[in-house]
């Protein structure tokens, strides 16, 4: 079958833009993904040009509208902060472009709803859309889902999801855009909490029916930003400004499948760098995962004799594990960026094969609704807030 | 100094009675504790006699009132289920006996309040009382407290406390007394949740100011009890009865020190046998503990250069670690029962030295109030419940 | 059945004497072992008396010959340094006493051979003897042996045994008896290397057929001993003396079952406190153990589908695990001293039931022969030395 | 500065060829490495073409001599089995091409010596050469070396290096080229043992002065190869052939710095997929590493107070860690292939800056000499063999 080559425009070239652009190139090599990044879009032409040169991207644009208007571009990959997602994605879908949009889908439920409507309209015309919850493409987590789907965990009783970081625990860390409510929507909640909300649903197929939540901003003012030096690093100025987002959020909830769920998202767990952890306990087994050891899944099989039962540390690098066959031999682990490589390969495959990719914008909206419920509950003394 | 030998009567000889009785004997050997168990009290004379023979206890009584009335007994060690604690402890204190009472202090706040009043009255006469939150005597946790007290953790932002077990995850496990509200007061909440409530306060010196909670009974009916075969093992009959306590409880809260706290107590985390875990994240460091690896404390020092920072696994077996000097060389770990050995040694030392031991009955009452608040919140859709 | 109460005399009251004496008392409680320590023997009457008082031992002797001669003593438990084992054990056996002798059996093969001859002669008269390789009584290791015996590991290819400590890594640590060839026989080799030699045979049922070895004394002189302050702690004087034993030994070998084996015993692995580690790799599975986490056994089942295979961490605390049923519920771990509690219970049970206990003196001799072969090989540039 | 773009020809496109080719492209993106793979060389033109298409390589050659003769190619990257290294590398160097040669440098010491001579001759003309011990570019190991160099480990006493795999533990796994002495030189020894020999020297700066070794081929015959399906996977035919290489090798040795060293290389450690482990114990500290957790380094600082000492798990993902700054934020780990990305970036940087890259061919020869000594010792009953 002659597969059309997909031309991709990546909007944004910071942390997410870099990793997406590299991801498309790696997917072409390791999955034979018929796609290439032909355009990068950035407001600062010089910086965008430098990035494009390093990342072997032929064309640079300074306005995303030009990418949306270009008939030779098939895919718009949205890697900007959350406040611009709605406009870009809706315009791109209207122009018949397939859209991969970084999470969170939008900074508000209302925006996300409009994106879903646009995606559903475009879908009629065979236009595909996906939200970038990249952790679904961690082999260990995709394998955990397989275990759940195969009934190895049984009826789920507990979901325990944490996303622990510490990159702003120093009170002198400056006010990057992720600490600004206008740009980011919320703090740890929307940034990393969104991931664990999506994962809980991805793994269990269950949705939260209500939550009770608390949020906190431990450090109220910080130096204003002098310059961003990396994905999560920056230098500050002498002037201080107000932190307008949460530093941490904790919430408990129930799911439509009868499970109790606990969640925690924080940027103040000193010593935890990127500890995205999720554990499920069911009637037949348990799985546990920590992104700091992303090539491992712990699995406990409660149907085995007690005497030989134990959490087994599965190195999820076997050719029969999800995604692993495209990469290296057993024991030769993958890294963070592979979640993006796998993700864009999946997205392109869905486009090519005429399927709807997952997670859909509707999934992104569902996450957004949980984020909103968490914020609402936290604003009212942990009041029970239904979904 | 000639120290008076303390004669101890242990009330109850099941799981807790056994471990306490052995603990007094070990404390005499390894701490030189001037005490011995002279009496064991059990309603079934024959069984109590057999236990006394095995455990080298000279005297057996079938009514705790006789122990309270015996002028040669100095200490009453209450190891019965929670529903009898109030009567025994108050009578013993009134009779001038020092009282060590297993946790939870009582099955109700009201009962616990009466016990505190009795303890405070007796205290005037030099009579000592303590509640048996034995995990305070885990060397790793006592050392964690030392680190907090020395300022190594700094201002505490997160308390994350879990007590995960799975001993009743099998729906055919029978209705032991711990699943009966009348005898046990509550389920996972009072049994193991009480421990993590106490520990959070012990380690941080902070108290919860409010909670929002959910509880759940996953398995509603179970076989009635045929016989109890061990501390946490039993066989069932063919008839079924209702489970009247919670299987699991989750709650979030705030402390008077400004920390966010999450708690989970469950008997349905399959694969987790006795995973009492607590982690504190502060402005200067973090500590993390899991009872399944009770000889280890993980400590992260945020004041170190980032490049060489990492959670260090401290084997808490050095002579300079709490309690460890009384036992074996570094690396030669302790077991579960040592928490009791250390506990009774501390209690006896306080008596002998005329000090008030910790945790006091008032601490036990404080825990009871949190348990009540959790239950109340859970009964009202996770309503915020202040303390 | 009326079982005769065994009266035990413990010879020595330092590290090993303490733990044995406490062990007999605990075994009586938890295994119903019909034995009690009636005598402790120590050359310094005052210190021995103090120990006896603390450990509830009625009688004190200052010469082991008096214990051997006492008709009311049934068991001699030899807890002295290795240089006295031969005389005490042979005399005791000749007097019809059952003998438990700490490892290493003797400081020389010749001494051990005489002990074996004495044991075999006494055996005719129903007198039992055992050498104290206490690690055989770690539940996790006894369970590992069960897995081997059940064929779960298959044909064994690799034995990897290490005993890593660091208690003399500081060059100012003084010359305790364990660093004196006359008293101790050898250094790390005989002290901790003996354990891993015995364990390798215990677990696999295979014996080394030849070894190639290196030994090293990293620190040649040390302060002479001022006072011993604990099992592995001491203070030094200003004068220095020569270290006459090895600090470390490494050796490789082959077994009569076709396995390759590697061994390492050292007191200079800084950070490793009591890391006795053993791993077996077979055609069907693997087991791995580290004493620093003594309640855990890692087991890999190679017969499972690769996709779900992984080392499982078994908490060896289930009632169906060896020894565990006598102690606490699942997840409530044991400590170092339980290996001794379990050991004396096994020894007494063998006596009572008229069986030969394991490991026999002949096993102790076999270990001694390996130690000698290692020393001989090391003395000749790692020359291959057959057994 | 205008840096010349380096044109690279990769010889071979199997496991190593794939990872190198992808590595050059990633290095260009993340390190700004001025190099691109312009040619791939493979004997099967069709397969090579398919690879080149997937990996975005413009040109395909079927004879490496054509690459060596092409004046537009600056770098020859040798990714073929060991038996062809000598010819390719020497010809390439003679033609003035910089050469990166996969390990082991050659299948014999004699071949390696000729390569070193060629490299040294070429060096006069500014031609660079390097052998591909890629594990030197694991950030955790490069950081371990920094700790050693800074004196944090002190005088090194123990080197403990293992490379454990299990990919041929199934006796029906077929006779791939890695099990053929002619193609591979040796088995586990040369394949993975070479890595740990190099690493031990890299980390400590010390060299083995003698070894005593055993090797074993547990499975003597295997199905002949039907087809190679991946880097370490293949299918077999019905005919069987002889295995001509070792399955496992163990050896002990001494270094010129006074350390005792133990080594083990095996493909029969079932459950261990790619467990390249190395631990150093010194007078001031220890480091420990396991490639199955490649983003972590364990470090023990013996100069700290004993009470707070412990192996710390450093996530080697901080911007100040080696290589890490080029990649992702802290806690966002790297994978196996990054060692190659880092390696080619280093190699190109050395070329561009006119420096000699490390490890040189002379280092590769030094490894080869150890391999030869190990084989010689093993062939003579573990005879001590000096280097």
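Just so it is clear, A, B, C and D label the chains in written order, and each chain counts residues from 1 on its own.
The criterion applied here is as follows: contacts are C-beta pairs under 8 Å (C-beta built on N, C-alpha and C of every residue); 3 or more make two chains touch, one makes a residue touch a chain.
Bear in mind that the values here come from a model prediction, so they are computed numbers and not experimental data.
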item	value
Between B-C and A-C, the pair joined by more C-beta contacts	B-C
Greatest separation from chain A - chain, by CA centre	C
Chain C and chain D: spacing of chain centres that average the CA atoms, whole Å	41
Chain B and chain C, separation of their C-alpha mean positions in angstrom	35
Separation of chain A from chain C, taking each centre as the mean of its C-alpha atoms, in whole Å	54
Where chain B touches two or more other chains at once, by residue number	272, 309-311, 315, 330
In the complex, chain B residues that touch chain C	15, 18-19, 21-22, 25-26, 28-30, 32, 54-56, 165, 167, 230-233, 272-275, 291-295, 315, 317, 319, 325, 327-338
Residues of chain A that touch chain C when the two form their complex	143, 297, 299, 306-315, 318, 320-321, 330
Footprint of chain C on chain D - complex, ascending	157-158, 160, 162, 164, 166, 169, 171, 210, 212-214, 216, 218, 248, 250-254, 258, 260, 262, 264, 266, 268-272, 279, 281-286, 300, 302, 309-311, 381-384
